[in-house]
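First chain written, first letter: the chains are A, B, C and D, and each begins at residue 1.
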Amino acid sequence: MAIRLFVTGGTFDKEYDEVRGRLYFADTHLVDMLDMGRCRLDVEVRTLMMVDSLDMGESDRELIARQCREVAEDQIVITHGTDTMVDTARTIAEADLGKSVVLTGAMIPIAFGSSDGLFNLGGALTAVQILPPGVYITMNGRVFDWDKVRKNRDTGVFEEIEA
Amino acid sequence: MAIRLFVTGGTFDKEYDEVRGRLYFADTHLVDMLDMGRCRLDVEVRTLMMVDSLDMGESDRELIARQCREVAEDQIVITHGTDTMVDTARTIAEADLGKSVVLTGAMIPIAFGSSDGLFNLGGALTAVQILPPGVYITMNGRVFDWDKVRKNRDTGVFEEIEA
Amino acid sequence: MAIRLFVTGGTFDKEYDEVRGRLYFADTHLVDMLDMGRCRLDVEVRTLMMVDSLDMGESDRELIARQCREVAEDQIVITHGTDTMVDTARTIAEADLGKSVVLTGAMIPIAFGSSDGLFNLGGALTAVQILPPGVYITMNGRVFDWDKVRKNRDTGVFEEIEA
Amino acid sequence: MAIRLFVTGGTFDKEYDEVRGRLYFADTHLVDMLDMGRCRLDVEVRTLMMVDSLDMGESDRELIARQCREVAEDQIVITHGTDTMVDTARTIAEADLGKSVVLTGAMIPIAFGSSDGLFNLGGALTAVQILPPGVYITMNGRVFDWDKVRKNRDTGVFEEIEA
């Protein structure tokens, strides 16, 4: 059975605009990253949106949750901006899908040579195959239940909290 | 509780000798890789050897298994050359340690810009936290029980086999 | 005789702030770049400022010109933001130093894997050794006299103009 | 007028064979490198051969010299393995073409993230536009006349010698 990979944007996919000197979104790097990881899983990639997660609204989260419900796959990885990743995880958890859903992101854009993205993607694709149905966040080696994690805005680090 | 990371060499850590134009081993890249992945796990790294896995003998595998037994940690990741990774996994499994041990490697040296190593390391560190005690191989997104996998020497790909 | 390398900032040295998700300046990458290029020249690196060239004022340009005059070296490379590189070149040319001065920059930060910076640095260090005294800009393979070039703001490309 | 870029192989273009774990030649990376350098020159790339320069014979060098003569361009850059680069430079010099020919190479394959190749290519393309007719070697920032340079086999470094 294939794994579904939903792309929503986030730091993962930010590009550098060399004329204007700022970051923006173009196409996703996820397919290239699966190639670089020589990924031997059957992964179906679909881009749902390409936004900074600070710009996501509740309707965006509902759309993501609905897509998770509608696809045939029971194992779903979502690449997502880190700032509101926990919020989207909650919306999906509340949809009570009975599927394994893992959200992941990156602190550094993939387009930079030194991104953590490939490490995080390897973790997310591994976690989604092993974990029981539920909604999880994997970042920087750690695996969190959706309701026991927050992003520390000062340090940028995902931390465990009491549920 | 910390995760133990044992380094044994393999493609992961091969360097390019610019004077002689060939590949060789120097220091491990694993600590740099944990940095690049912004890894937030408590990982203790120890280099046990730095060899091509084709050059490993049974005494090397016994040493690795003994180290797995003796360290305090119950979650152990081993970076290893791919050619005899399955053999070392078997030696560790036969030691019957009651720990979670995950072996991983790379098809392309880390020193190359396009290595699969960071993806594989993310997968291995994630798997070792979730899987029940046992010996496993994670490569290129896939997770295998030690006795249900072989490396296809023609394609370089790890494949599932009947146990 | 050594070559003097003055660092002033610009896209060359922009970093990605992983907590705030924006670009900023920290330390220069120039020494690392000379290492990557296995540069065998005697290059003396000094950071004069670390700014976006849009934020440079006339006093900054005067400072750069004065430094060019005061150092012992007759061959000087300056890394500089592209937006006002031509303006700084003019200020240096007007100082009439009788030295070979080459300004260069990058369209993409060095911290990104795919920067043009190493290519441009190789060009600038080569040009400064060969060209007669004067002030030049080298960008993306091209070599311009300071008074025959402008940056096209729409395309980001340096173009030849009539002096 | 365009610059001609002849590709002959060498460390520049070595790839890592992930199944066999050794270095080999496939397609050239030179076009990708010109893209990465955002090169704005009119460069015509042609691959003449794809070999380790230790495997070049005198007929190979004659072929390269003949190609240099026959192309319309008067500015020619040649990417070449470092071990016999000086020998090929001599063969071309003896052909007495009245053109500017610059040979360059790399200590580290381009396919590695930390290659000196982009730096060297930037230097060679710059040198060929500025230098008077003659045959030159540019490596690691330095510019040599063809008859005043040798590769130090122990250190891998190109050094100036008395002509």
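Rule of thumb we're sticking to: a residue touches a chain if its C-beta (ideal position, glycine included) is under 8 Å from a C-beta of that chain, and two chains touch if they have at least 3 such contacts.
This one's a predicted model, so the numbers in the text were calculated from it and none came from an experiment.
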Shared interface partners, meaning chains that touch chain B and chain C: A, D
Chain separated most widely from chain B, comparing mean CA positions: C
Whole-Å gap between the CA centroids of chain B and chain D: 39
Chain centre separation (chain C, chain D; CA means) in Å: 26
Averaged-CA centre spacing for the pair chain D and chain A, given as whole angstrom: 44
Shared-contact residues (touching 2 or more other chains) in chain D: 18, 38, 107-108, 113-114
Of chain D, residues touching chain C in the complex: 33-34, 36-41, 43, 107-108, 113-116, 118-127, 129-131, 138-143, 157-158
Touching residues (chain side chain D, partner chain B) in the complex: 11, 16, 18-19, 21-23, 52, 107-109, 111-114, 153-156
